[in-house]
Amino acid sequence: MDFLIEKATALGVPTLLAQVGAMLAVCAVIILYISVAAMFMIWWERKISAHMQVRLGPMRVGGWHGWAQSIADGVKLLLKEDIIPTQADKLVFALAPIVVFATALATYVIVPFGPGLMVKDLNIGVLYYISISSLTVVGIIMAGWSSNNKYSVLGAMRSAAQAVSYEVPLVVSVLGVIMIVGSLNMQTIVEHQAGRWGPLPWNWMIFGGGLQVVGFLCYFTAALAECNRMPFDIPEAESELVAGFHVEYSGIRFSMFFLAEYANMFVVAAIAVTMFLGGWRGPDFVSPLLGATLGPKVAGVFWFLTKSYFLIFVMMWLRWTLARLRVDQLMHLGWKVLLPISFINLGATGLWLVLKDMR
Amino acid sequence: MDATATTTLPQGISFERGETGEEMYVNMGPQHPSTHGVLRLLLKLDGELIKDCIPYIGYLHRCHEKIGENRNYIQIIPYTDRLDYLASMYNNWSYVKAVEMLMGIKPPERAEYMRVILGELQRIASHLIWMGTFGLDLGNFTIFMYCFREREMVLDLFESVSGQRLNYAFFRIGGMPMDFPETFYTDCVSFLEWYKARLPEYDRLLTDNVIFQKRAQGIGSLSREDAISYACSGPVLRGSGVRWDLRRNDPYGIYDRFEFKVPVGERGDVWDRYMVRRIEMEESARIVEQALAQMPSGDIMGKVPKTIKPAPGQVYSRVESPRGELGHYIVSDGTPNPYRYRVRSPAYVNLSAIAAMLKGCLLADCVAVLGSIDIVLGEIDR
Amino acid sequence: MSVEQGLFYFLAAFSVALALIVVLAQNIVRAAVALIFSFCGLAGLYILLDAEFLAAVQVLIYVGGITILLLFAILLTSRIAGKGVRVLNEQKVVSGIVAVVLMVLLGLAATRGFEAPAELPKQPENTPRIGTLLMTTYALPFEAVSILLLAGMVGAIFLARKEEK
Amino acid sequence: MVPLSHYLVLSAILFGIGLFGALSRRHAISILMAIEVMFNAVNLSFIAFSRYLPQSQMQGHVFAVFVIAVAAAEAAIGLAIVLGLYRNFKTVNVDEINLMKW
């Protein structure tokens, strides 16, 4: 974004206008990316689940393997009547999907798509993500309560309990990486994972960079719970609570919840890639073709997206393989398994750092 | 805006009011993805903990028994299909057997073998649906599609025999209307081979999954004594540790000629009921194989009078359906219509034990317990 | 008026308006939702004050933690006040006068009492500085707060637990 | 540049609002929420002072961190007390809860 502002001011645009313009442009790009990527992910998930379940999935809309199915669904959802239950608290009901979607949007600010390619390189990058992602649950509770439906309220309460308990292991498991790098800045974390580790060409955090395998697994599990994915999708467990907090939503408001869910999935995967899997690092094979300015950026985006979408594929894989946990088992896993493990990981990392300094 | 206000209870029904005032009343159903039809459970919840549960039935009531009293004996057969629509063969069988007992007709041996083969295939199909939907209730969607794939094959076999895929109306009083088609034997054998190879696959996906085990073990327990006093039958009773299978304990037809295990559970929880059905799925395949091997040639229809008019009397016939003891009780007054016609449906009796199973469970367990009873509303509401 | 000033007045008005909703709303859930957005507005003000670490902590603890807890308690103890229920008690006139007087006094003190520096002093980077301060100058209060939190946790569990029957 | 006094006036306004709410709301959880507003008002002035006074070197931030930690503890215990009240009195309106001992 700073880059855009500089360019604009260099062309003689007033600073205020340049700032506002750059903000709007970046927002538009991100919203466009979220919508397109989420639609693609929905289609992808449907195809993956279908092929895992000896089905074919959508095959008709758009010709090749039903690629336009999600677009058709999206158009349908946009055109559907927006039903607000008479007994609902209309203001809160209308605000809730906006809150959920806006927080999903806001987390994209610190996603480092490539070298220098991020909306704003915040000093408190990781902390920013953690705090913003905790806002999602507010929207969920608003939705659940304002629908005035008992299933929604139950879903919202489950969601609140889940988010509060899984935020703790999520933060603690990330702390190991932050201690090693000594910074909360996303680009610094990626920079720290440069180089090689022994015979392996990667110095990623889960390899030589810090041996954060345990931290990675803890983070991934907690992150699955944070974005309500199977096996932790109890806030919207369809066989228990019908659809949980968004039972009463329809049309565009429902689609906002839906898009936000997939947008969150991508952010969670992107953060995991940045923190543990070397971010946008990978063999730069396009520089000879595109030149030294554009080449690394394209390669970075390519590797970043590849890694992120691989993690998303794993999330989908888990969803279609595992059964759902029960509420008490979820709490048990969060507080009595994940939290101790991530604390041990944190302690071990600290010890390792101290010993390394002494040597 | 009071989201947790108490539901107004129907007249004459009352929960004992709790002292804490924190309870919440939730209607689960009649439109709910996990009640397997139009069952309505009124749950009293404390947070997620189930304090009490009243099942409400009757949303699918069709006056089956009253209709039966106004039809003649042959006309009732197609109606019985609609009782337990996931195991129609057994409804036919139980009803036809009742009339045969009433009239003293003995169907020919080949017809008996056909009935066993079709019945056990039907048990496989019914348990497959149950396994799929049970997995779905606990959040595993994939097993559902896998089970439906195999069930489709069973339905293909049934279609080749009877021309129907769901409501067969294929049994006749005194025998069977037509023989198996030529292709049936090879198709059936190849299906059984395919099917037996799939069972370990289900185990890997469901039985061996730790999350699934944790969800199923130790919840919804029904003690041996309770199971007997609630008159439960079928896998629910066997899951509670009672070795009671009508095929073994009251061998009707030719069931004394086959070798099969009757699995029983120990603790009577959801897991035990799951394992009982899971093993029955193998045993049924064994029975079909034995029956195919032993199958004699000969008539398929016994000597039956032109008009079916049993002498005055009453009879109760029972078979072991996938859900338990399916019984038909018929009182004849010598006319072509039964004087009284009543169905003892196993799912209805088993469902009555749900409140005992659910005490102290969480809301999520409610779904698992309900799934483990394996209800079919067509049979419960009749 | 610069962007910063515009943002300040906007966020200030936003926070105050939502804080008013918090204390005056008929419906307590709406009050809690207003509180959430009021906290977010304050977090924006913190960012204007170059306190981005605290802004993130504000959102994390207040919005993600405390208000979720509040909402949870509201949902647990509902019989939420419907329309026409008195939300204020009979002290409202007195307490209103007290609050306004205090507001005026504090405001006078704020406008008269402090000389605004001509330009902003340079500030060290947020996170490391806070960390250093917590571990050096303020180590004892830090430990005291952690013990307080532990005691609070134990106390809350003890109070909220149902007595075994 | 926004002058320091503006932040302080804003803080005073928020504190007054919170005080009014804490004194005059009937619902126990509302009172807790009003107290949270007061906490935030104080935090705002801490941070504003810390930003504008050259000798501070971000010490105000540390105080704000402590305030937030204490507020978290206060909220947890306060809500536990509210739950206890609700369980025993079936109401959370503080002016109806006027018995010293139940």
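Letters A, B, C and D mark the chains in the order given here, with residues in each chain numbered from 1 onward.
One rule holds for everything that comes next: a contact is a pair of C-beta atoms (placed from the backbone, for glycine too) under 8 Å apart; a residue touches a chain by one contact, two chains touch by 3 or more.
The model shown is predicted, which means the values in this text are computed figures rather than measured ones.
Asker: Return the chain whose centre of C-alpha atoms lies at maximal distance from the corresponding centre of chain D.
Answerer: Relative to chain D, the chain whose C-alpha centre sits farthest away is B.
Asker: Between A-C and C-D, name the chain pair that shares the greater number of C-beta pairs in contact.
Answerer: When the contacts at A-C and C-D are counted, C-D has more.
Asker: Give the identifier of the chain nearest to the protein's overall CA centre, each chain being represented by its own CA mean.
Answerer: Centroid comparison flags A as closest.
Asker: What whole-number Å value describes the gap between the mean CA coordinates of chain B and chain C?
Answerer: Roughly 59 Å, centre to centre.
Asker: Return the distance between the CA-based centres of chain A and chain C, expressed in whole Å.
Answerer: 28
Asker: Counting only Cα atoms for the centres, state how far chain A is from chain D in Å.
Answerer: Roughly 33 Å separates the two chain centres.
Asker: Please report how many Å separate the Cα centroid of chain C from that of chain D, as a whole number.
Answerer: Here chain C and chain D have centroids separated by 6 Å.
Asker: List, in ascending order, every residue of chain D touching at least 2 other chains.
Answerer: 86-87
Asker: Of all the residues in chain C, which ones touch at least 2 other chains?
Answerer: In chain C, 27, 29, 53, 57-58, 65, 67, 69, 72, 75-76, 79, 126, 162 touch at least two other chains.
Asker: What are the residues of chain B that contact at least two other chains?
Answerer: Residues 1, 3-4, 20, 22, 47 of chain B touch two or more partner chains.
Asker: Which bits of chain A are touching chain B when the two form their complex?
Answerer: That would be residues 49, 52-55, 87, 89, 145, 148-151, 153-154, 157-158, 230-231, 233-234, 237-242, 320-329 of chain A.
Asker: In the complex formed with chain D, which residues of chain C make contact?
Answerer: 2, 4-5, 8, 12, 15-16, 19-20, 22-24, 28, 31-32, 35, 38-39, 42, 45-46, 48-51, 53-54, 57-58, 61-62, 65-67, 69-70, 72-74, 76-77, 79, 81, 86-92, 94-96, 98-100, 102-103, 106-107, 109-111, 114, 116-117, 119-121, 123-124, 126, 129-130, 133-134, 137-138, 141-142, 145, 148-149, 151-153, 155-160, 162
Asker: Which residues of chain D touch chain C in the complex?
Answerer: Touching chain C from chain D are residues 1-21, 23-27, 29-30, 32-34, 36-37, 40, 43-44, 47-48, 50-54, 56-59, 61-62, 64-66, 68-77, 79-84, 86-87, 91-92, 94-95.
Asker: Which bits of chain C are touching chain A when the two form their complex?
Answerer: Per the stated touch rule, the residues are 3, 27, 29-30, 33, 36, 40, 52-53, 56-60, 63-65, 67-69, 71-72, 75, 125-127.
Asker: Under the definition above, what is the set of chain A residues touching chain C in their complex?
Answerer: So the residues of chain A touching chain C come out as 16, 19, 89, 91-92, 95, 122-124, 127-128, 130-132, 134-135, 137-138, 141-142, 145-146, 153, 156-157, 160-161, 163-164, 167, 184.
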